[in-house]
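For reference, the structure discussed in these notes is given below.
Lettered A, B, C and D in written order, each chain numbered from 1.
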Amino acid sequence: MTQSSHLSLRKLNISLEDFSLKNLDLEVRQGEYFVLLGPTGAGKTVLLEALAGIIPLQSGSILLEGTDITVYPPELRRVGFVYQDFALFPHLTVAGNISFGLQNSWRMADYTGDSARKKIFPLPCMRLILKGKSHQQAIKAKVEQISSLFKIRHLLERSPNSLSGGEKQRVAMARALITTPQILLLDEPLSSLDPETREGIQRELRRIHQELGTTTLHITHNFEVAAALADRIGVIMDGKIVQLGTPREIFRQPDNEKVAQFVGVRNIFRGRHFVEEDGGGILQLDGFKFASISGLKGIVRASIRPEDILLSREPLRSSARNNFKGRVVEISDRGSFSYITVRIPSLEQDGKDLNLIVLITRRSGDELALDLGQDIFAEFKASALHIF
Amino acid sequence: MTQSSHLSLRKLNISLEDFSLKNLDLEVRQGEYFVLLGPTGAGKTVLLEALAGIIPLQSGSILLEGTDITVYPPELRRVGFVYQDFALFPHLTVAGNISFGLQNSWRMADYTGDSARKKIFPLPCMRLILKGKSHQQAIKAKVEQISSLFKIRHLLERSPNSLSGGEKQRVAMARALITTPQILLLDEPLSSLDPETREGIQRELRRIHQELGTTTLHITHNFEVAAALADRIGVIMDGKIVQLGTPREIFRQPDNEKVAQFVGVRNIFRGRHFVEEDGGGILQLDGFKFASISGLKGIVRASIRPEDILLSREPLRSSARNNFKGRVVEISDRGSFSYITVRIPSLEQDGKDLNLIVLITRRSGDELALDLGQDIFAEFKASALHIF
Amino acid sequence: MRRNRSFNAVFILLAFFLVLFIGVPIFLTLTGSPPRVFWQAVLDEQVQESILFTFFSSLIATGVGLLTGIPLAYLLARKNFPGKQFIESLIDLPIVIPHSAAGIALLLALGRGSALGRGFEALGLRFVSAAPGVVAAMLFVSVPFLVDSAREGFEAVDPRLEYVARTLGSSAWNVFWRVSFPMAWRSIISGLIMMWARGISEFGAVVILTYHPMIAPVLLYERFQSFGLDYALPVAGIVILISMLVFLILRALNSNREDK
Amino acid sequence: MRRNRSFNAVFILLAFFLVLFIGVPIFLTLTGSPPRVFWQAVLDEQVQESILFTFFSSLIATGVGLLTGIPLAYLLARKNFPGKQFIESLIDLPIVIPHSAAGIALLLALGRGSALGRGFEALGLRFVSAAPGVVAAMLFVSVPFLVDSAREGFEAVDPRLEYVARTLGSSAWNVFWRVSFPMAWRSIISGLIMMWARGISEFGAVVILTYHPMIAPVLLYERFQSFGLDYALPVAGIVILISMLVFLILRALNSNREDK
């Protein structure tokens, strides 16, 4: 591994009333954007609060840049924290919020280089009294600099309550990043935004991350957000990391059914899988046979992503090895795309029919002139069938 | 018109501090599922509250089934109301919530046929005391019947606070529908649900509407929801209905730019439009020419839906008349589909480049092996260019 | 870490002082009399009578408060009308007015010298040196607690719940009884407990309006004036003990209800 | 519609009765003395002194409450510890205890007969029949209002704001001064106003602990006892007027702040 491990969690145990983390190990690399993805209630917030020193660990240790910070109080850990609802200080202006972390003079020394003064006046209260104009100016300059980065200079005198969700998000990020934390912890910071704002902020997050390179640990239950932002994703379920990988890996090859369902795969089957002589695989369901490219044997689960299935009015002459004739039983419009449920009759006499869910753009739907009850051909490649 | 007008709003004026409706006229047909679509803050909730008799009108009249109900108090209007957060009674069980409307005995007479008793004991308090076992049993039967319809029989003894968003939604609907209202008013009932739940509930709403045929007025700011449910949509902006039509009409031919943006069109241009001799249209932008099928002339706006644009690695030989070569400048992954921004260089020397936003499924993205900076061909049909 | 420990230490120290300042006098009063003396006081008929009279009077005052204060609280929580702020301030005034001044004010309004007092006396209701005077004094000083608490309770009920109930066919009365009142019930109950407790604790207003028949706080004062601390002490102990127990029990019942 | 109108009519009627019951005595007291007599009372040096003494004593008590009650309120709002419920109940007890019994309890604890009282006297602090006694009595009966209000204020501060402040490098002290205290400030201020007002209104506990020097409520009582209603009335009018005005002004200032 060329990238060094920046944050290491070793055998973390946390146990609260309705939730626990068991022996969690996790490594986040220097400069990485790591997303923890898991269903609501999977204890992701608790994990972040433990990392920030707000909630005590039962056992285990936390290493940041090689230093064991397990027993450090929050103010000495140098982590940035952004809560889901941003937790801005309502009694301060935006500028007051952003500069909050700099007003703690023993930290400010790091930015204004007055470590000499720090030696002369060891108690922070002394320095608070002595903080001169130059100090305030340095803070102001720093605030303006980060505000420019987040494009919120025009908001500095406003009250947080008057801000939109997206603006609050930027302010919370600026407040956390101005103290140059070693790691940035984001607790579902996009879930309270409406989709359009979220898209903009997502782009923003990507840009800021590229610009500052702050190691980031972001938790969310939204796979789309994770896919858009993450360098790596860890899927957490029931207090454990169940899969770790790039967004593409997790999306294409979910390790188990729960992960598959969670990342949006809708067609999941259970059947027996054989390997043929030519190396190709066959998935045998009740009255169905699907070609696959897997080498697994025995009872397996299989999934096909809805957008990996093609629909056509005529039987297609294509390279796809799985071809079925079925009937449209449900059309669910979603603005610019639609989910189509195709029922494929079993080949056996008393076998159960199979429902395939297919995602098509509305444009395709219009061209196919889909209607309920209509005959339709569905096909997918053997490689689209994911066996696990 | 074969369908009779069921709810008529005539020159409605409402004016509150930060909001007003001006001379609003609206007709909702018998049995119709009508969706009012508008941005947040467009005063949709206020309109519903005025229809229910909660907020007074400034002027205008409301006719329900031909009766002028403008001055009726809410309890005599026979409207069902479902608030965005469902407003379930937290101090009652689910059963208590659902039967709430039946416990008002002067209404109950409608369901148990004890109008004779009503004559003997004209004051409701008398009837409340005299309500016998048969009465309670009739209520219970009615509650169980509607609970079966909504599949919430197993929840009847639970407290509303312990329910999930989707369950609350069903309970609120059941509570509103058990009194067989003349019209059902829904105030963004899906916006507080997560996407998966919303999908299920949407299907449910459609089924219930088909089953009961209750005229429904549903307000939302979400075009996907509107598209999935509505028989007709009215787009409301700045206190006025700006467009009225089926979901397809509004989606395909938005009347103006605001509507277009609101329903999710992303590529909007302004240019001069000509009509050629063969009847085809040409849209002239700075350094671009698009073929259209419109007959409009002069300065116009034009839009193309992101999913109406095809991408390919090779120049396509197709019937599409608009073909451009460009470069991928942004890829925004959204789980199972992606937005691709393609920059098309101007044909003129100092013309501005044009950004086209294209929606493709992730599958297509994989097949095209898209990468930033890569050359790509974009094409769309003349009919996909909507001129307005 | 050092700073955080100093924070906790200083806060605990200051808080502890206050707890002692409240706790020590109460503890001393409860344990100050020899058991025999204490028991004698318990058996003293005058003490028993005055305590029952105090509790009963406060109960009546609380009943009147319930009947009139709940409607007022509901109106203040739900309606906007001119003079609303004036009424809100007026209702809170009895908390601020010195108790002896409140007694004077009530004596002036309800005494035999006033038209109102003579009117009531013609109806057989005498306030000065009579039980109704105790009730009036208690009502006057304690009803703000009920009105404030009930109003907060009603304000916490989402008006949209009332709207929905209306669309479901309920009249305004019906909505009040089936939605607003039960939902504000917890606040109303704590308001009632506070009002009752405050009524029992009243001394200054009662002592001016109705010295005889004596409520317990007045009896206590009389014994202190006539015989000194040692004679007042067992009565004080009993009064504190009983009001403490009743208050704690009521509060526990109420917070149990909250947990459900 | 008929039903709804009856609802409003009945509620307004009942509420109106209560408003009159509170309003009429206050109005009568304020207007009951001829202007000349009222003015004479205003110029009476003993009246002036006692009023100033009352206000000042209550201010001192409120100061002590601020210093000790705020830490207690913060601990109650934020920490869980064994005996927390006990302390919560103990702090509310002075509201329930009859005022004269509270006076007895304080006399017992701080009087010359007790070890504590003798200890303080050695330090030069005498409580019985001295100004510190007035402060102690006021503190005892009024501090629960401040603690309850401040605790609610602290409870309303989202603990996550404090957490975020910690991650931004603030110590526990720093977080308290920069986040918790300013955010709970409105509740603390109303608690302070209530406490001060309640201190001014106290009569029963003070009259037992410290008859002389006289606070205004005691002066009023003495005039009533010695010379009758007519002599007490102007003093009652002045006391009510002043405490009313001060309370209303403080409250208005506080609600202005709320609007911002």
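Just so we're on the same page, contacts are C-beta pairs under 8 Å (C-beta built on N, C-alpha and C of every residue); 3 or more make two chains touch, one makes a residue touch a chain.
Note that the coordinates shown come from a computational prediction; the quantities given were computed from them, not determined experimentally.
Fewest steps needed to get from subunit A to subunit D, stepping only to touching chains, is 1.
Among the chain pairings, C-D comes first (most C-beta pairs in contact). In this assembly, the C-alpha centroid of subunit B lies 54 Å from the C-alpha centroid of subunit C. Subunit C and subunit D have Cα centroids lying 15 Å from one another. Distance between subunit A and subunit C, defined via averaged C-alpha coordinates, is recorded as 56 Å.
Multi-chain contact residues of subunit D (touching two or more other chains) are listed as 4, 171. Contact of a single residue of subunit B with at least two other chains is seen at positions 73.
Residue ranges on subunit C touching subunit B, taken from their complex, read 158, 160-161, 163-171, 174, 178-179, 182-183.
Of all residues in subunit B, those touching subunit A in their complex are 199, 202-203, 223-224, 227-228, 247, 251, 263-264, 305-308, 332-337, 359, 361-363. Interface of subunit A with subunit D (complex): residues 49, 52-54, 73-75, 77, 79-81, 83, 87, 89-91, 100-101, 103-104, 106-107, 124, 175-176, 179, 181.
By the touch criterion given at the top, residues 3-4, 6-8, 10-12, 14-15, 17-19, 21-26, 28-29, 32, 54, 65, 67-69, 71-72, 74-75, 87, 89-102, 104-111, 113-114, 116, 139-140, 143, 147, 171-173, 176, 194, 197-198, 200-204, 207-208, 216-218, 220-221, 224, 229, 232-233, 236, 239-240, 243-244, 247-248, 251 of subunit C touch subunit D in their complex.
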